[in-house]
Each structure stands twice: as structure tokens, then as C-alpha cells.
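Remarks on the structure that follows.
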Amino acid sequence: MKLVTAIIKPHQLDEVKEALEAYGISGMTVSEASGYGRQRGHSEVYRGAEYTVDFVPKVRVEVLVDDIDATSVADVILKGAQTGRIGDGKIWTVPVEDVVRVRTGERGVDAL
Amino acid sequence: MVLRMSAITFVAADVPFTDSGNTAWVLAAAALVLFMTPGLALFYGGMVRTKSVLNMMMMSFITMGTVGTVWILWGYSETFGPDVGGGIVGNPFTHFGLKGILDQIYGYVPADAAAGTAAAGGIPAPAFVAFQVVFAIIAVALVSGAIADRAKFTAWTVFTVVWATLVYFPAAHWVFAFSGYAAETGGWIANKADGLLFGGAGAYDFAGGTAIHINAGAAGLALAIVLGKRIGFAKEPMRPHNLTLVMIGAGILWFGWFGFNAGSALGAGTQAAGVWVNTLAATCTAMLGWLIVEKVRDGHPTSLGAASGVVAGLVAITPACATVSPIGALIVGLVAGAGCALAVGLKFRFGFDDSLDVVGVHLVGGLIGTLLIGLLATKGSPTGAAGLDVNEGVFYGGGFSQLGAQVTGALTVMVFSFVMTYLIGLAIHKTIGFRVDDTQESQGVDLSEHAESAYDLSGLTGGRFGSPGAVSTASSGKPAKTHEGASA
Amino acid sequence: MVLRMSAITFVAADVPFTDSGNTAWVLAAAALVLFMTPGLALFYGGMVRTKSVLNMMMMSFITMGTVGTVWILWGYSETFGPDVGGGIVGNPFTHFGLKGILDQIYGYVPADAAAGTAAAGGIPAPAFVAFQVVFAIIAVALVSGAIADRAKFTAWTVFTVVWATLVYFPAAHWVFAFSGYAAETGGWIANKADGLLFGGAGAYDFAGGTAIHINAGAAGLALAIVLGKRIGFAKEPMRPHNLTLVMIGAGILWFGWFGFNAGSALGAGTQAAGVWVNTLAATCTAMLGWLIVEKVRDGHPTSLGAASGVVAGLVAITPACATVSPIGALIVGLVAGAGCALAVGLKFRFGFDDSLDVVGVHLVGGLIGTLLIGLLATKGSPTGAAGLDVNEGVFYGGGFSQLGAQVTGALTVMVFSFVMTYLIGLAIHKTIGFRVDDTQESQGVDLSEHAESAYDLSGLTGGRFGSPGAVSTASSGKPAKTHEGASA
Amino acid sequence: MVLRMSAITFVAADVPFTDSGNTAWVLAAAALVLFMTPGLALFYGGMVRTKSVLNMMMMSFITMGTVGTVWILWGYSETFGPDVGGGIVGNPFTHFGLKGILDQIYGYVPADAAAGTAAAGGIPAPAFVAFQVVFAIIAVALVSGAIADRAKFTAWTVFTVVWATLVYFPAAHWVFAFSGYAAETGGWIANKADGLLFGGAGAYDFAGGTAIHINAGAAGLALAIVLGKRIGFAKEPMRPHNLTLVMIGAGILWFGWFGFNAGSALGAGTQAAGVWVNTLAATCTAMLGWLIVEKVRDGHPTSLGAASGVVAGLVAITPACATVSPIGALIVGLVAGAGCALAVGLKFRFGFDDSLDVVGVHLVGGLIGTLLIGLLATKGSPTGAAGLDVNEGVFYGGGFSQLGAQVTGALTVMVFSFVMTYLIGLAIHKTIGFRVDDTQESQGVDLSEHAESAYDLSGLTGGRFGSPGAVSTASSGKPAKTHEGASA
Amino acid sequence: MKLVTAIIKPHQLDEVKEALEAYGISGMTVSEASGYGRQRGHSEVYRGAEYTVDFVPKVRVEVLVDDIDATSVADVILKGAQTGRIGDGKIWTVPVEDVVRVRTGERGVDAL
Amino acid sequence: MKLVTAIIKPHQLDEVKEALEAYGISGMTVSEASGYGRQRGHSEVYRGAEYTVDFVPKVRVEVLVDDIDATSVADVILKGAQTGRIGDGKIWTVPVEDVVRVRTGERGVDAL
């Protein structure tokens, strides 16, 4: 099994979620993140003192998938997340040795 | 609005004198109404998304700055100065900068006047100026709810000055300027006399259902149309980011509104006290009305609904508070609460993005209150109890004459406001632009217009991620762009 | 409470007249007290967990809606209408809907009355109605603190109406209805006369230590027992989710309480002014008292402690503010601050989940203030300074007579309130149910009762995760369940 | 400050009488000013980082507790009691515990006095006590802004008592004690008479530009120097953690300030009303002034700027509100708003960490307002309109005499305050220590000083991570360190 | 070494923590997350407009363990987190190549 | 490729970021976390009831790197994050099978 992790623009989450569902993936875990990269942050000014905020709000999406789905899931996310503008983010895939569904204790592919 | 007076004035004097009690109440009431605009800032601010709460609050705050300044310069004079003819508008130059009125006393009774015909007594003119400027401020600030999340701050700033001058001051003259109170001839909606436009309407609008709420509501609709919908309107969720702010705001508005309505009696007597009670009565049932609609329609009574119901009730009772009975006030509130709860959905049906429901609450609520007077006006009201005449409404056998006056007042202000605002809005939009660009809107107007963000609660290092080490003072030892020296 | 009057009334008249100064203060005070309930909503709301803050605030808000409405319909009449006998309760029908009082003036002095026996003068009856309704509202709202995080909103709504009618209005009649002020015969606790129950107690309770705080505190205890403990009580941490809200709430309560206490003089004179000072004095030392207990016991003085100390001091000085000296007020505050700081732990020891310490603060604080009058009452008080008689307390050589009256008043209200509330609570619990189910409680009453959540600060897309694309308007182009059309 | 009076007093009496209208306004104004300190707590609290918001608010709250108590004990007497000689300070023992003043009436006109020379009439002494105590509280609380994020709470608590006694009460005596109003001889800055220090300055300071703002500003500077810079000052970002709190605070301050300024007329007449208007006028242009500086210098007008501009305007108009015209007030505001916006950068240049700009706003704003009186004082002001004499300023052809008086008042208070505060601060620092240690500062003073944290918004389980199961009550069934039993 | 990651119900965090401690694990990293799966979200209504919140609050627990502990740690978490109701979450295990304790610079199993 | 994950003290983020930039890494993803370990939490007291907060605020830093950079990047982070006091945190490295740059769809090392 694999864990596909994507760092995307918050605005694209909706599209990614729908794309994954369309593909047949119905489970995922999402969390807040901040990104640093080519996309620059912004400046804020308080009583004349300027603060540079380097990090940009991002969303992390994690999907556990069967080995054979890994590449296509990454592609599905790619399609949903792409806007073509700087800061679109990254997707990476990591090998997973074991998965358990907590409710039932099922293991492996059945647990997905 | 009927002649404002306290119940019984017991002193007549040859020289104008100050009634310290009436003045104390008007000064307190003016402060209460001033507090409403920061309250509105919170009420509106809590309803938008995190990324535009500061801009939303700033639209209220800047209105305090601009309209307050303009009021002192020419607004007071334009509203309450000598009428230029027909009850259309006051002369903005006569009392420019409050020239010539600082030592005047309004509403005293000369000793030779017949006892018993006393008017609300002994208010120093600057107290009246104070009470009226805070009305002007909030009337303008209310409009901003229609254009949340997308307005250019400078455009809004310009708008406040132009709109106050061309729309609010004239409308306030029509409705709030009583012949003989400040200037000899007052506005054509409040008074009835030869020489006024159409002979005057003689409509009742005690504290501003027409001049303030219908006016702001119609203006909100016009601006919402000029600016267009927010990106994602009716598609993306745009839920209130902080309902505790909304509740604080509603609490402050409620509190301040007692100054608004009961202060409009311009004295502390029977009329003011009765108005206070009616103002509470309508708010209570309006909250209940809104929540009942929600419970039946959506399954749950919500806190946003309670807050909205309170405001709807306050709006509707504003014109009516002096001329309906306490039971009448309960009815006005119930109708307004339920009516506005139904009305806030109109924008989805008609597809205009009146973001915070200025139309659904202020236009609709203002119309409900103004028109119900035509049905519910009675001598068993605060005004009647104070010994003043009331032209009774349809339900009290008074026929349709008052209802006609109410319709005239309401419709005139509504149409005037919509047309004028549309033109002003368009003019600004076509010149300096009234709306931020799409990227700025997505990122949030707090950043694009104010270079700020509202919250930094993470508690990590100096705050939000990315802040660490990012202050531009880091290298140079002082903020890069910081100002140079100070005056004085 | 002693006869409320301003220091010296200088006008006697054959016709009732309005004293605009006294009225101005009562109207302002009524607005201040009204503001206390939103303040309470914040104070309470900040203390619960994020998942139930809106429900907590809504319990205060809905109380404003229901009790305000009921007051105008029958509450005023039940409290201040003609006594049905024995000083037990007023007739709820006489002034139903405020019938017949709108043009009355209370407390004027007929010209033939002896000079110097003047009462607090010239308040229009509706001003008195206004001042008293906001007392009724907050008395009921206070109770909600005992049942945070778990009450069904509809059950609470029903409770407010029943409890106001069966418990608060009678108790308020006992304590606040002065013979001769509104109706001829007043309540049996405040007055002393043949025909009253037990001949009347003649207890001092200037602004409601018994009728409001002991009453609400005992009711809170009863409801906490009826509803039972929250899931995880005394096991899971249930810390305040937003202490800045608590502090704002405490600030508003403090501010409004000057209307509560000094407004109870029903006039702007020496008594009111002295009460103002005593109210501040007690609050200051109560804050210090609470913080000293914390510093000694827990090692740190906390902001929640400061806010709580302020409220404890306000509660305790409420009955006592007119009959103790400034030094006496400092003592009342210190005892109340320290006493309540110790008392809030009782719930863990006795195992009742009075969630926000209505017992520890309002019942205990109310008892401290009410009973200390028996020790500290003195002619060197605001009432004495205003030239009125004061039955002095034990420490001033007055013997135990006043202490006896205080004990009678305090215990009667406490027992009456506890028993009645327990029965009302049980009746509601056994019929419509007073508590949400366990899943709803875990998930939070904001969601289950109001379908809302308080905060959405993430700033991502439209708000919290999961919101994106989730508005039900997405497919249809308008909100799925949205209302149809609007009235007016 | 000129003699405070309402426009025309129409009653003269052989016995002192209470003017209920004037008293109503003073009582309301006192409540408004009290509310300012919680407002300040929010204004300051929102500006610091999450980890020290509670401590910031607590510095204001504890000041209410300590200074309120001390005022009643000896503060009133030290400020307004019989002068010990030269207009330097009152005798703190004469009215200890408010002894002997509860039944006094200030400012009435004996019947044999010449008509027309009437003073602001009929205020019960405790109303004056009430109005002045809230001034004392906020004056002290203002100072805390200079030492955000790093002060020991107990040290601050001690400081409030010592500073009030040694610095504020004397300065308030100089400026607020009018000969003949409460005691026979008043302070040397406000009055002009033989026997006063230097014969008296006769400076105008209507509501406390010198005694409050210059005083607090200079004290803030001294304390900032004593405590030293925060870790990371001018390197790490220290941005406001919650600007909505700042805006609420600014709104409350603005609201309350009408009590501060217009209440200082000690009556509800022409002067009070004119002061109200001037107070608004200056605030409006100060907001505009600050925002214009920001727009030009930084590119964006900010909400923090708007809030700061409002406060700067209020500070500057405080001394000047009664002696300048409305146009003059607009000018004072504009200068103050722009001036303070430039001044807040000074701390980076000179390297002192006046964290929340007490110097930049209160010292600079206070100086601007106090000195501009010397230029702008005019008979066309509220004081002139009330029929009282005004020594006109340079721009009105009055020459430099008033400017000289203003400079004397301003500089004396500034130097006195700086030196005294530096010594007091140093004494505390060298004994009990005024600053937390570095670890505590990094972790946040909320934790180290109060064992609390402000927010717990996550909504997960009982709150923040790590809370689950962590309540110390878990094992024992009751909180480990909880208090034992309660009193009463 | 392995990294065991668990997405669990927030309410179970306490039990999981205690179970891990009882097993002898005394270090872990926890963060907020939102889950999407069989368990449905809820609806909120604001001025009559209904919003569906699809995501459910979850907590992510991460524990670095020695290879041989991996399965038993997953089991320990499983026991602490299981309520048997939908939405109990997932546990997965990923291989870790290197671990460093920042304070000391220790590497590998010593760094756990 | 590898994913280097570090749990560090929030105060050190700035230094870590600068160290990484100096080393030539210009992309990273950061998020909030809470840690449990040797470093103890603190106590809070509300109305006399004491609450123990076991978890300590931490920051998670994630950097995708080429295989050969993995160890040195961990070292760079180590240097930036180390204060020598308890609670400095952990760094671990996980193998990554695939990386995609969302904007361009580039894969592998080019996507870093």
C-alpha cells in the first residue's frame, strides 16, 4: 500500500475531493499547513512596523491507496489541484507497510 | 414623527433656559447612538469570513471619521439649517462649521406661551447637533453590509462623503427637521404646511424608519448591484467566521438603540419612557418571530437568527415606537421578525449579493415598521400618553389618511435613495473603481486593502507561521519603512 | 430596601409632574441594566467549551425575548399591580399589556404634602416599567449558568416563561413592590404593615440580593440537580474556551451594574450617588479578596478570578449598597470576594454540577450581602445621607432586629425558589425533557440545538475544512432549504 | 480648565439642593468612564501576543481594584481635601474613607448670590467622588501599555498603589481641584491666586490632558526604561494577536470618553453639549489624520491605525474640548492623529520598548492638545457659549499668556511624572523585581503570572491537546488543589 | 525503525496516550486533522442557507518505534482508539530510515 | 528521494528556515503540532480546579530532498533547531517513491 500526500492550495481542496470521489476514493485525511517556496508571502504593517509573512496557507491531503492505485491517484489529485500558477504544491508517495481500520481491526488492503 | 416633547413641561420662561434633565438624557442618548456604530462594526464583522473582518469593521469606522467631519462642516446646516424652499434641503452654508449655534437653546417655552402647549424643553443646540450626527454616521455605515468582502476601501471612503451629502442629509431634512424646532421651515415628509412639496406628507417616523433604514436598505441594494456578486456567491460557503462577535455587536446595537429611539423624544418624560418600553417590546417578539420561522423552516433556532431578529425588531419599531401601544409594539416586532427572516432569502432568488442582508433586514424591516404605523397608530401610545395628538391608524378607526402619508414617505425615500445611490455608485465604479480585483478578493480584502490580518492566535513564536524572524526590523534594527520622527 | 428617594425634593405640585433629571437617570439606568444580559451572555459564554458557547449565549438572549414579552403582557401587573392580599403577589390582569399606566407618574409629591417628606420624584410609569423589566430578564438569565453544555434549548425557553411567572414575579413583588409607590399595598418582605404576611418583614434589599441573586442561585442549584452532571464532570477538563470574552462580559456587567444599583434609587440625588460609590467600593475589594485567596491557595491570581471577584462583589453589594457606609462596602466586598472564591469548590465536594457557579457566586454572594446588612446598616450610608431613616445593624448598636428581618427575607426566598424550581424543572424534564442525549452533548449543543458553530477562523477557502464546496446551494444555484419569498 | 458650569442656572436657594439633571449626567458619565478601563484592557489586550493577553488585561483590572480601594480610603481626600499649602496636595486624612462628605452638595448657588454668577449646580458630593475615581483608575491603567509582555503581576499591583499615591493624586490636585468647588483652596495649575505655588498657572486642562495623559505617558516612558526591552524587541515580529479586540476596545473607549470629557462639565448644559461635539470632531479628524499618514507612508490605511487615531484624537481633545471651537477641534484632531502616527516610530529610533506606544499616543497626544489650547482658545467655544470667560489663544489675538500657562502645566507634570516614576519603578525593580525571568517571558506571562491561557478554540475533546484526561480531579474525584469549604 | 501514524477520534486521544504509556512508549507527536470517510459530517444553517460540513475533526498521533515494536504499538493504539462506531479511523506504518534526537544529535534507535 | 520530517521548538523555526535556505533548500512545508515526551507540560488553574496540559507546542517541518541530500539536510535542521534543552525534538527520514510538482506535472527530482 502507499500513502499519497499532497500539499495544495486551500481553494483547490473542493475540486480535489470531488475528483477523488469520482475516481472512487472515499476516504482521506486533511489538515492545515503552511508552505514556503517559490510563491512568496505577503507583508503586514502595524503602527508603521512592517512584518513579512513568509509562509503561505496550504492544505495537506493524505490518501491511503492500494499499490496499483498510487500513480493514478496522484494524477487525479494533480488534475484537481492544478491551476498553473506558482504555489500549486507538491504530491509525493510513500510506501506503507501496514494499515489497520480502527473500528474493525481489519488489516491491509481491506482496511482502506 | 410627531412633535417630540416630554410629557408636561412645568416651567415657562422669558429667557431660554436649559432643562438639565432633558439635556442629560439627550447627551447620554447621543453617546449610546455613537456606540452603535462600533457595535455595527462587530455585528457585520463577525458575519464575514476571517479574511475580510477588518475591512468590514473599517467601513464602519471610517464612516465615523468622514461623516462626523462633514456633519460639522456642512451636514448639520444642510439638514437643519434654513430650508432653501419646499422642505427639500437646508442651506449648507448658513451654519457651516456650526457657525452661530453653539449658544442656542432649542425647544424652550417663552413665558407668554399658553401653559400646556409646552414643547420638549431646553436642549442646548450642540446637544441636538450631537444627537443627530450619530444618526448620520450609522445611516451611512449600515449600507456597507451590502458590499462585504469586495469593496475598495478608498472608494468606500469617497462614497461615504458623497452619499451623506447627496442622499442622507436631504432625506434627514425631509424627515427629522421639524418646522420651528431648529429652523423655521422643516422637511416636507415630517411636516404639513403650504409651501412644502405637495403641501407636506405629515408622515410619522419617530426615529428614522424612512430616513435611516429604508434609505440605507435601498442604497445597499443599489450598491450590491453596482459591485456585483462575490466570487463564489451562492456556490461556496460564506459562513460567519465568529458568531460571538455577532452577538456582542447585537448586544451593543440593542443597548444603543434605546438612545436612538427614546432619545428621539429629545427629553426625559412620558414619551421617552413609553418609547423605551415599546422599543424593548418589539425587539423581544421580533427575536421570537425570527426564531420561530427558523425552527419551523430549518429545524433549528440559531444564534445568528436571534441576533438578526433583534436587529429586525429594532429597525421596524424605530419609526413606530412613539405612536403604537405596547401591544402594538409586540405586533410590529413579531411581524418584522418573521418577515425579515423570510426576506433574507430573496437575494438568492433574485441573484443579487446583498452580502449581509441590508435589504432583507433594513429595507424590509423599515418598510414593515413605517407602514404598520398606518394601521396601528393610536392615542394609547407614548405620544398620546404625553398629551399630544395622534392621527390614529386603520385598526383604530382612523381611516386611511395616515397610511397614505406613510406610503408616501416610505416610497419617496426608497426610490430617491435607490436611484441616487445607483448613480453615485456607478460614477465611483467607473472612475476609481469600487471593487478589488479577483486575486485580492480571493486572498482577502484585509490584506489587499489594509495589509493586516485579524487574528494571530497560534501562540507559536511571534505568532502565525512565517512571522518568525520576518519583521523587517530584523536587519536594520528598526522597522524598514518606519516613519521618521514625530511632531510636537 | 428603604424608601427610594433623592436627597431633597424641592418642588411640590398639585398635578403630577415629571422630574426630567430623575427620569433621565432611570432611563439611562434601564438601558445599562438591559446591556447586562448580553454582558452575562459573554461572561458565561467565554467560560464554557467552544462547542457550547452559542447555546450558552442563546440561553441569555432567548430570556430577553420571552421574559420581555411576558413582562409586558402580565409580568408587570403580577409584580406591581394591586396586591391580591397579604403582600403575596400582584394581580396579573389589572395592567395586562400595560393597560392604564402609560400616562401615570410615580413618586411625585402633592402640593399639600408636608415639605421635607418628599419621595423620589416624578418618574413616568413606563420608565419604572422599563427599569424593572430588565431586572426580571437578568434574574432569569442568571440561572442558565448552572446547566451549561447540556440543556435542551426549547426546554430552557419554556422554563424561562414558567419560572418568571411562578417564581420571579412573586419574589420581586415581595421585595421590590413598595406600598404606595405603584400600587397601594406592596410585598411582604420589603414592607411592614398589618395585612401583610407575618405583618411584613421590613428587610432591606436595595437592588435585589434576595429577589434576584439568592433566587437565581437557589434555582440554579435545583436545576443542576434535576439535569444531573455533564458527561465527564470532575474528570475531564472543562476549561473556559475564551477568557477574553469572560473579561469583556465582566466589564459590561460591571458597567451595567451601576444602573442596576444606583438606578434603584429611582432618582438622581444623594442616595443614588452614594450607592454608586458603594457599588464601586465593594467590587474593588471583592476582586482583591478573590485574588488573594487564589494567590494563597493556588499560587497564582487569575484573570478568571478577577472577573469572578468583580461579579461576586457586585452581587453582595446589591442588597447592601444603600444602607452601608463606604467603609462598610469595602468590607462587604472583601468578605464576598474571599467567601465566593472558597465557595466555588463546594460543587466538587457535594457532587452537583453547577457548571458556572451560580450557587458559589450568586447564592453565596447574595447571602453574604443580605446578611451583612444586619451587621453593617448605618445612618452613615447613602440612605442616611439622603435624610432617610435607617434601622442600624448589630455593629452600629442597632441590635438584632434588622438582622432578623434579613434572615427572614433571605431564607424565605431561598427555600421558595429551590422548591419551586425543582418542581418546575422536574415537570419539564419528565415531559419534554430538559437535557440533550449523550451523543449530542459530546458533539456539542451548539450543533445539536442550533446547527451552528461559533468560530471559523482558519481563513482557508470559505472557512473550516469541509466547508469547501459544501454549501447546499452549490448544485441548485440557491440554498436548498432556503425560505420562500418574503412578506411586505 | 475653566469654571465648569451649565449654561444658565435658574434657581438659587438658601439650602443646598440637588439638580437632578446635572446629577443624572454626572452619574451616567461616571459609569461611562468606568467602562473605559475594561475597554482599555481590550484595546491593549488585543495588541499583545496571544501568550500575554490575559496579563495585559489583568494589569487594567487590578488597577480598578487597587486604585478604587485606595481612592475611597485616602485618594479622594489627598486630591480634593483641604490643601496643605501652596496648591500642592490635599490632606489625605481629612476625608479618609469619605468621612464627612456623603451628604454634601457641591456647586449650588446660595440665594443671596448675584444672579448670573451661578456655578454648575447641585451635584451630591458622592457623585463627584464617583466621577473622579474612574479618572484615577484609568490614568494608572494607561501606564501598563509601556511594559507589556514582561511585567511581574505583583510588582505592577504594588506600583499601582504607590504611583497613584505619590504621582497621580498630587497631579490631579494641581489640575482638577478648583478653589471653592470641593475644598477652599485648589491646585496650583488650575487656579491663579496668591498663596499658590508661583501664584498659580491658570492653565486650561478641561478633562485631563496633563494630569492624565502627559502624566501616564511620561510614566510609561520611565517604566519602559526601568524594565528594559522585551526579548526580541525590534527583531522578532510582535504583531497584535487579535485586532477585533483592539477595535472593540477602541469603540468602548470612544463611547466612554464622552463621559470623560462632557462629564467634566459637571452638569448637563451648553458647555457639556459643546464639549460633546468637540470631542467627536477631534476624533473624526484624528482618525483621518492617522490613516492619511499610513496611506502615504506605508501604502495602506490599517484598522490598527484607525483605532489608534481615534485614541490619539481623544487624548488630544481632552484638555482642549471646552476652550476651542468645533473647527478648532477638527484641527486639534488632525494634528494629533498625524502627529501621533509619526511619533509611534520614535521608540525604534531611540531604542526604548514602550510596547503599546503610551509615549507615542498619550504623551505626544497630551502635549499636542495641551499646547494647542494656547493657540486655539477662543470665546467661540463651549465655555464661551456658556457665558463664561475664556482667555483667548495666539491665533485669536489673545497673545502668549495662555500658551505660557499651558507650557508650564504640561512641562511640570511631565518632568514630575518621569522623575517620580523612574524612582518608584527602580525601587520596586531592585526589591521585589519588576520583570519576569527570560524563560517565563518566552513562555508567556499569562502562564507564569496567572497559570492561564486565553483561548482554547480547538473544540477537540475538552479543549487544547493535552488537556484530555489531564484535569487533576481525575484520580481523586475532586480537584487536587481545590479549596476547602466556604464561608457564610 | 518505523513511524506509526494513527488518525483517531479526538475523544480517544486520552486513552491512546495512556495505553501507549502503559506499554512503555513515552514520546509521541499529535496534531489536528479533519477526516473524510464513511462517517458523515453535519449541516449548519445561517440565515436560512444550509452548509454541509463534510469533514469530521480527528487527531493524528505519530509514534516513532523500533522495528520490532511496530505491530504491537499499532495494536496498543487500536485498543485505545476503538469505540466500534463508524469513524474510528486508521493506523498505518511507514518505514523510517533515520531518526535523530535534536537535543543530543543521537541517531537511530537511541534517538527514540 | 526522501522526506525529512522534523519536530522542533516553535522558536527555532526561523533559524531552521534560514539554515535550510543557506544550504540551498528553498521549499518546505510547515505545520503546527503538539509534542509529548521528556519535556513536561504545565498546569493551569480555573476557579481553583487545576488542569494539567501534557502537550507542548511544536512545529513540524517537512522537506523533500534528493537521496544524497537527506543526511546533510537532517544535519542542517539539527544545527538550526538545537538548543540543548529538553524538548528539542526529533528528525526522521522516510523514503519517497514519487514526487510531483502540481503546477507543471513534473515528476521525480525535477519536482523538488
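Labels A, B, C, D, E and F are assigned to the chains in the order they are written; within every chain, residues are numbered from 1.
Here is the rule we use: a residue touches a chain if its C-beta (ideal position, glycine included) is under 8 Å from a C-beta of that chain, and two chains touch if they have at least 3 such contacts.
Going by UniProt, the chains are A, E, F = Nitrogen regulatory protein P-II; B, C, D = Ammonium transporter.
A quick note: this is a predicted structure, and the numbers were derived from the prediction, not measured.
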Chain F reached from chain D - shortest hop count over touching chains: 1
Between the pairs B-E and A-B, the one where more C-beta pairs touch: A-B
Chain pair repeating D-F, as identified from B-E, C-F or A-B when over half of the contact pairs by residue number coincide: A-B
Whole-Å separation of chain centres (CA-atom averages), chain D against chain E: 52
Whole-Å gap separating chain E and chain F, where each centre is the average of the chain's CA atoms: 17
Residue numbers of chain A (touch at least two other chains): 11, 17, 30-32, 34, 36, 44-46, 48-51, 54-55, 94-95
Overlap residues in chain C, where contacts from two or more other chains coincide: 19-22, 24-25, 28, 237, 239-240, 242, 248, 252, 268, 297-300, 302, 304, 341, 344-345, 348, 451-453, 455, 457-459, 461, 465-471, 473, 479, 481-483
Sites on chain F touched by chain E in the complex: 2, 6-8, 31-38, 54-55, 58, 60, 70-71, 74, 77-78, 81-95
Complex contacts: residues of chain B adjacent to chain D: 11, 13, 15-28, 30-31, 34-35, 37-39, 41-42, 45, 53-54, 57-58, 61-62, 64-66, 68-69, 72-73, 97-98, 102-103, 105, 123-127, 129-130, 133, 153, 242, 245, 248, 252, 268, 449-452, 454-459, 461-463, 467-471, 473-474, 477-479, 481-488
Residues on chain C engaged by chain D in the complex (per definition of touch): 6-8, 10, 19-22, 24-25, 28, 32, 49-51, 121, 232, 234-244, 247-248, 250-252, 254-255, 258-259, 262, 267-270, 272-274, 276-277, 280-281, 283-285, 287-288, 291, 293, 297-304, 306-307, 309-310, 325-327, 330, 335, 338-346, 348-349, 360, 364, 367-368, 371, 380-382, 384-387, 444, 453, 455, 457
Residue numbers on chain C that touch chain F, as the complex places them: 237, 239-240, 294, 297-300, 302, 304-305, 308, 341, 344-345, 348, 357
Complex interface listing, chain E residues touching chain C: 11, 34, 36, 41-46, 48-56
